[in-house]
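One structure below.
The chains carry the letters A, B, C and D, assigned in the order they are written, with residues numbered from 1 in each.
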Amino acid sequence: MTNDNTLISVQDLKVYFRSGHECARAVDGISFEIRQEETVCLVGESGCGKTVSALSILGLIQTPPGEIAGGQIMFQGKNLLELDEEDMQKIRGNRIAMVFQEPLTSLNPVFTIEDQIGEAISIHKNIGSGELRDCCIKLLKDVGIPSPVQRLKDYPHQLSGGQRQRVMIAMALACDPDLIIADEPTTALDVTVQAQILQLLKSIQETRSMSILYITHDLGVVANIAHRVYVMYSGIVTEQGNAAQIFHHARHPYTQGLLASLPSRSKRGKRLFSIPGTVPNPAYKPAGCPFHPRCPHAIPICGKEYPKMCDYGQAHLARCPVLFKNSHNPDKPEPKSI
Amino acid sequence: MNKKEKGFNKNFQLETPLAPKRTRLQEFWRLFRQNRLAILGLFIFILFFCCAIVGLFMTSGPDPLLDPAMIRLQEKLRPPLAKPNLDSLRREEIPYLGFYLMGTDDLGRDVFARMLQGAWVSLTVGFVAVGISVLIGIFMGGIAGYFGQHHIRVDHVLVTLVLISGAALVTANFIRSGAALLCLTPAYIFYFIWSQNRSGKKTLPLWAKVFRKNAVSIDTLIMRIVDIMLCFPSFFLILTVVALLPASIYNIMIVIGLTSWMGATRFVRAEFLSLREQDFVAAVKTLGAGNFRIIFRHMMPNAMAPVLVSATIGIATAILTEAGLSFLGFGVPPPHATWGNILSDGKNFIFDAPWLTFIPGIAILIVVLSFNLFGEGLRDVLNPKLRERH
Amino acid sequence: MTIRRFLIFAPILLIIVLLQSYFWVPTYEEQTKGNPQRLNEYIAGSIGDASLLNPILTADSASSSIENMVFEGLMDRDEQLRFRGRLATSWEVFEEAYFYVNPSADVPGLGKADPQDVANFLKNAKKKKNAITTGLKNSLDYITSISVIPPRNYSVTKELKSPDTGEQKKYITINIAAPARIKLVLNRVEPNFFQNLSYLLGKNYFESFNGKAYLMSDSEMEKGILDKYAGELLPAVEHNPVLLFHLRPGVRFHDGHLFDAYDVKFTYESIMNPKNLSPRIAGYEPVKSVKVMDPLTVKIVYKRLYSPAMETWGMGILPDHLLNQNALKKEAHRLGKDPNTFSMRQSSFNRHPIGCGPFRFQEWKSDQYIILDRFDGYWEGPPNYKKYVFRVIPDQLTQEMEFYAGTIDSYDVQPHQVKRLEKDQRFQSFSGTALGYTYIGYNIRRKPFDDPRVRRALGMAIDMDKIINYVLYGQGEQITGPFVKQTDYYNHNIQPVPYDPQGALTLLSEAGWKPDKQGWLTKDGSKFQFTLITNNGNDLRKAILAIAQDSWKQIGIDVHTDLLEWSVFIQERVNKADFDALILGWQMGIDPDLYQIWHSSQTNPYQLNFVSFKNKEADDLIIKIRQEYDHNRQVRYCRMLHEIIAREQPYTFLYVGKWTAVLDKRIVIKTIDDTGHIGYKKITPTKTGSYSFYFNKWIKLPEAPAFMDEG
Amino acid sequence: MISFIGRSVIQKIITLFFVSIVSFLIIHIAPGKPSQVDPMNPKFTPEMVERFQKEFHLDKPLHVQYLYFYKDLFTGETVSWKDNQSVLKKIWERFLNSLPLFIVGTIITWTLSFPIGIRSAIFRGQFYDRSATFLSYLLISIPGFFFAYVLIIFVVNQFHVPVIGMETFGIGDGASLPYIFMDRIWHLLLPSVLGATGGIAVLSRYVRSQMLEVEGQDYIRTAWAKGLPPEQVHYKHALRNALLPFVTMFGLILPGLIGGSVIIESIFSWPGMGRMAYEAILARDYPVILTVNFVSAVLVLAGTFISDLLYLVVDPRIRL
């Protein structure tokens, strides 16, 4: 499955959180890969394990209560899960950087912008202080902050939300990483600002030729930015494929449900669809397919057997044997989406 | 799409049945159990409580099993586990256990019996003192937090001042002038009601306007009172008042209570201020619930957590404070034995009878420690910020 | 990272700095054995600090103990409790007696006589030596001179005493036309003098003197008001005891100034000066005048018979030249204070006292120590110790530990420690009977304490032996009356109230108290119950409280107990006589004056006869005792008074404590006789138990000496 | 900013005024009257009581006494009834004695509690944290005087060195300066450690909870994600934020200057503020009690004021 240009590949990653006698299986065996210069989206409802997967790539899962129960994360030939803390630090921020969801709280309120950006650089690069300042200014310019020199001495609370997120991105870009993990970077922002940030990310990805792992629950964003998409549900990947495959030929009932609940012009005036029920508690997942209690196509076996990945070809996979069988049954027409 | 919509499983379960439902108490217990130190504290606390109850029954009444006041001068300063000298004792003087479990003190009283009695008294001192402070704290904090923005008008202040000075004058034996001042108050109230009925929309004279001006908000007033109280160094204040008042167990409880309510007030006020802004309170309000119901039914239970924690630790502090006062000779007076006064009486004999110091000293240490650990555990469990991360 | 390193190293460094200081500190060994200086210092420990170092302004024991070292009185008591001269070498006690000539009275064998006749009559009677009674004969013999004071006119202004203490003060001016008066100088004080004289001058000669007749007032006052002053302004007879002190020449204050009679006069005046608020004023109130005869002779005349007078002159003498009006004014100017309101109380003298005692003041650090240096110019020769140090250690236990370590030289042993410390080889111990006693006082105003049988029964229910043996650890003696046990005044024939609960019950049933079904004593349906109170902070009293409660419970009396803080106890309960029964102690002087505690006139609030003991006989005796200058007669009266009080049992007299003090064994008395030979003696206590009587001769030796008389 | 200061100062002055009234009332209404001279001295007559009352204005109505007292206080003329010394001078003297105790105690408290609290937070739930928790609670649970006695007896018996008083008695004569200095430090050690135990326990718990609070913040995750070494995350990013409330606590330790523990000072024969106040209470020496109270109230208010100001300075988020 791994190509030569695979940057990072996560295989069968399991992250559990223990608390007392309970064990929340937040990530329960996911695999995905990101190639160089590619934007990959991880989509799913909140609580399905997207952020945990991202954090575990960076080794930021608190242990205890969290624990990596299995799997491997291969990054440039090394298994990140086996690296010790020191080596991991050399990768964090340097090779893999992350942009967080809440720019409001993700910047340290008591340090200036310069401190925070400069720190990321100085920790990984041997660089003089004058040069450092220039670096910071350049970075700020790159992410589109007006009059960066004045901004350097500002504290985060003096910036607007969009600007803060730009600073975050600047921080992530500081060491020219190979991979940026963006964890819902636009969720907390105004719609107009969202678009700007997305645009920024896109342009950065193109100009700097780096890979982005973009985590979101917003399919609109996915359509805008993604090369490939992984749909997650309750700690597992339910469907993967390129953007077109996911949007036009969704094979998994969950993906179909998600798409159905997207508002669009054609659905104007109709009641918006919603998937009934909620994501299961990660500590008490149903047996078999985790989606089966909410699934319109569920058959008894769904509650018993863990579903396998079914290959629809062209690297489009979905974890629903029921629909797979149906789609290969000539009697019934192929599921068709609008 | 319509077809599909219909096709969705109608028998889905809205709530996943697999996650067990727990009551708040169960959830609390589940979290609490993880803190082993706190469990230890709780265990000792319960043990202590049982001891105190048992002690109360064994050491009180007309003919107690273990009489903590029984003086056997010939048996003084016997070490722990010593057997009594049976020849020199009258029958009713022989200790119930047949030996002195914890020795005897300088008057030949059974230290075990005194410790048992002291357990109950110390517990009472702690509980009543903290009870008083928590009640005042909730009351003041609740008012400040809930009715905080209401204002007290100038005339309220004046009437109160007049009332107080009138009462002061009467107690200071200037009865006539005092009574005159006291009469002024109802007169003003009558005038107020009368003028309100009559005037309606008429403009008020200037002085009346000044009188009806808002002087200070209730919140400010209460928090200033708290500030004033905090200006006194607490142990010093307790000491002053205890030294000036006649010694009695009730005075000590009341004084400790009256000088330690400021913390609870602040907690409750802060909780109320944040709770008041929360949606569920607004929801209850729109349903037409009265203030009383909102406060006691909806807000109080949510505001209790920090108070509960500070109360637990407050009991421990009260026990220590009492011991400190005993050291200075202002503790609970006899005939009540408390661990504090057993300890401070015993310190004179530290070279001759070390057990008189060490038994109560270590007992206080263990019990206070258990209270503190228990309180800390409670804090961890009840603090939602810390809880999320577990 | 620097912050982290700092956070780790700062505390470690701090701990190291703090702990290493241990190596710099001299150990106890080095302080005591390794320090030769230490042998020349005497270090005393005290629970409390002194307040002011001025003998006329203070009465607390901490201050007194320093004042005794710095100041010197005219006299003190020696080992046998006799008076001994200090600043005074000798003294004379005599009397000036006066009486107004009563023109209306018939003198037997003379008829109505004019003053000169009366004087001559007395002179003749003295010469004749054939008096009717021996009393009269003696009295006449005592007379050394007789003179006549001619009549004179003068006026006085008096504040009008009105019964309802009105707000306005009224004054009245009284013109007095005093008749002639006869002055008799006796060579001793004779309280019965006029009584004896009346055998000669006629029974009613003195009683029938009508003082009112000589008083006149300008204002239109009623006669009745004037009459009130008659007894005060023109008493028929007057005893004026006189103390004549001959002062020691050449005595100097620590600043080199010579001591003389003016200092004595000044000291007296300072005490009487209302601005100074001296607590000792009561003892000097009977003084009529202090007259400086010459720089080394001072004559003190008393208004009335007052036998405790001698005792009061043990008071330390203040230096006139440092504290008189001028000196104070100067000091006020220097300090920038108003000289008119500046009094001795504000003077810095009180913190840097100068007297003529054996030690001179050196340094005072509040609540730490007071250091006195020896005064080499001391008239009796300088003390052996070079330094006297008074250390304040407020905690009993730490004081004890410092004593063991050798950094304090004496320690007042608690009763329970006596056994352990007496045997300790390192120390010498002294014990003696204290001057004070502890008692349970009953409020006689209240029922049922008005019945002496009840009071006696209550006393009988308490097992004193038990208290002494177990509470005091044997360090106490039973006492039966109010006098100091080691003086002659104490009546040793009186038996203590026996411990007899059955007897107590019999007595109580005589008084009407019978046990009910539950065993509680009742009378007329009401239970025998009361509250016994005492002050807190005194463990012995607390223990007695518990024991008394327990013992009375045994015979069916329901007693509540209460511990009160000292000033509340005194001011709210004792002073206002608001109590049933209390446990308290009296610290007694050697003088047998009991007026304030036992006289029936002293039962008002704020007075000391708070139990309200009233007994006619006792009143008479109390007055007689304080007027009697003759020791033997005084002793006789005292023993009679003792008997009455023991019979009435207004108090249950509990015990007089024994004090025990331990000293380092190396402290001895060092004497140098005339030949220059140095002798060492073991320290022995005097009759009153004062082991520090020879303190000036004490010295600490490097090694404990072995004395022959040691066991 | 200036209006904030002005408002705050006025508010504090009003509070102070009420404090003065309340403390005056507490003292004067309570039972027991001042006793300059032992009332049980048989030589002490009621007339003298009266004269004393007059001398100290005790016969005047309360409000007049109040005015008298505070007039004296502000002109610096208050004198103790016990020994006629100027109260302010007395307090100053005692303050100088208490000061080293306070300083060393505070230094011990602050330098020890931070490392302990921070490490507990970093190793949350682990053995270190648990034992630190246990130990700190152990320390605040021991009755102070019991602990003091046990310590004193232990040190004196084991090391045979004096621990009582402000310095080894008599060291002043002949010892060289470093010896005197070190001796002082030694004598400071036990009482200040005893005084600090409670502080260490409370403060280290507080540091721990603040650190935990901060460690859970998003910006800490950001810091980790930057690849910062743990030290820098904990000691720079987390600590800086956790420190904020403590900076303001600097103001609040100000009242401790005049506090002083009666119990520790009595046991260690330390002539400090606490004991003076305690003895003044027993002797009903009103001027001393009231002045101590007033000064401590001033310090409390000044402390809160300073802490407000410090907060302004330290926290970049707050601007007026």
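As a working rule, a residue touches a chain if its C-beta (ideal position, glycine included) is under 8 Å from a C-beta of that chain, and two chains touch if they have at least 3 such contacts.
Quick caveat: nothing in here was measured; it's all calculated off a predicted structure.
K.L.:
Report the chain closest to the protein's overall CA mean, measuring from each chain's own CA mean.
P.N.:
Centroid comparison flags D as closest.
K.L.:
Name the chain pair with more contacting C-beta pairs, choosing from B-C and B-D.
P.N.:
Higher contact count goes to B-D.
K.L.:
As a quick test, compute the distance in whole Å between the mean CA positions of chain B and chain C.
P.N.:
Chain centroid spacing, chain B to chain C, equals 50 Å.
K.L.:
Just how far, in Å, is the C-alpha centre of chain B from the one of chain A?
P.N.:
Using C-alpha averages as centres, the distance is 52 Å.
K.L.:
Distance between chain B and chain D based on Cα centroids, please, to the nearest Å.
P.N.:
Taking the mean C-alpha position of each chain, the two centres sit 24 Å apart.
K.L.:
For chain A and chain C, let me know how many angstrom lie between their CA-based centres, rounded off.
P.N.:
95
K.L.:
Of all the residues in chain B, which ones touch at least 2 other chains?
P.N.:
243-246, 347, 350
K.L.:
By the touch rule stated above, which residues of chain D touch at least two different other chains?
P.N.:
Where chain D meets two or more other chains at a single residue, that happens at 31-32, 149, 153, 232, 266, 282.
K.L.:
Quick one: which bits of chain A touch chain D in the complex? Just the residue numbers, please.
P.N.:
55, 58, 60, 64, 85, 88-94, 97-98, 100-102, 105-111, 119-120, 123-124, 155, 157, 168, 171, 174
K.L.:
Chain C touches which residues of chain D in the complex?
P.N.:
31-33, 35-46, 48-49, 51-52, 55, 79, 82-85, 90, 93-94, 104, 107-108, 111-112, 114-115, 118, 149, 152-153, 156, 159-162, 164-166, 168-171, 173-175, 178-179, 182-183, 185-186, 188-189, 231-232, 234-236, 239, 266-269, 271, 275-276, 279, 282-284
K.L.:
So in the complex, the part of chain B that touches chain C is made up of which residues?
P.N.:
By the definition above, chain B touches chain C via 69-71, 73-74, 76-77, 106-108, 243-248, 329-330, 333-335, 345, 347-352.
K.L.:
Within their complex, state which residues of chain B touch chain D.
P.N.:
36-37, 172, 224, 227-228, 230-233, 235-236, 239-241, 243-246, 316, 320, 323-324, 327-328, 340, 343-344, 347, 350, 357, 361, 364-366, 368-369, 372-373, 376, 385-386, 388-389
K.L.:
Under the touch definition given earlier, write down the residues of chain C that touch chain D in their complex.
P.N.:
1, 3-4, 7-8, 10-11, 14, 17-29, 31, 35, 37-38, 41, 43, 48, 51-52, 59-60, 274, 277, 279-283, 345-346, 350-351, 365-369, 389, 391-395, 397-398, 401-402, 405, 407, 565-568, 570-572, 574-575, 596-597, 606-608
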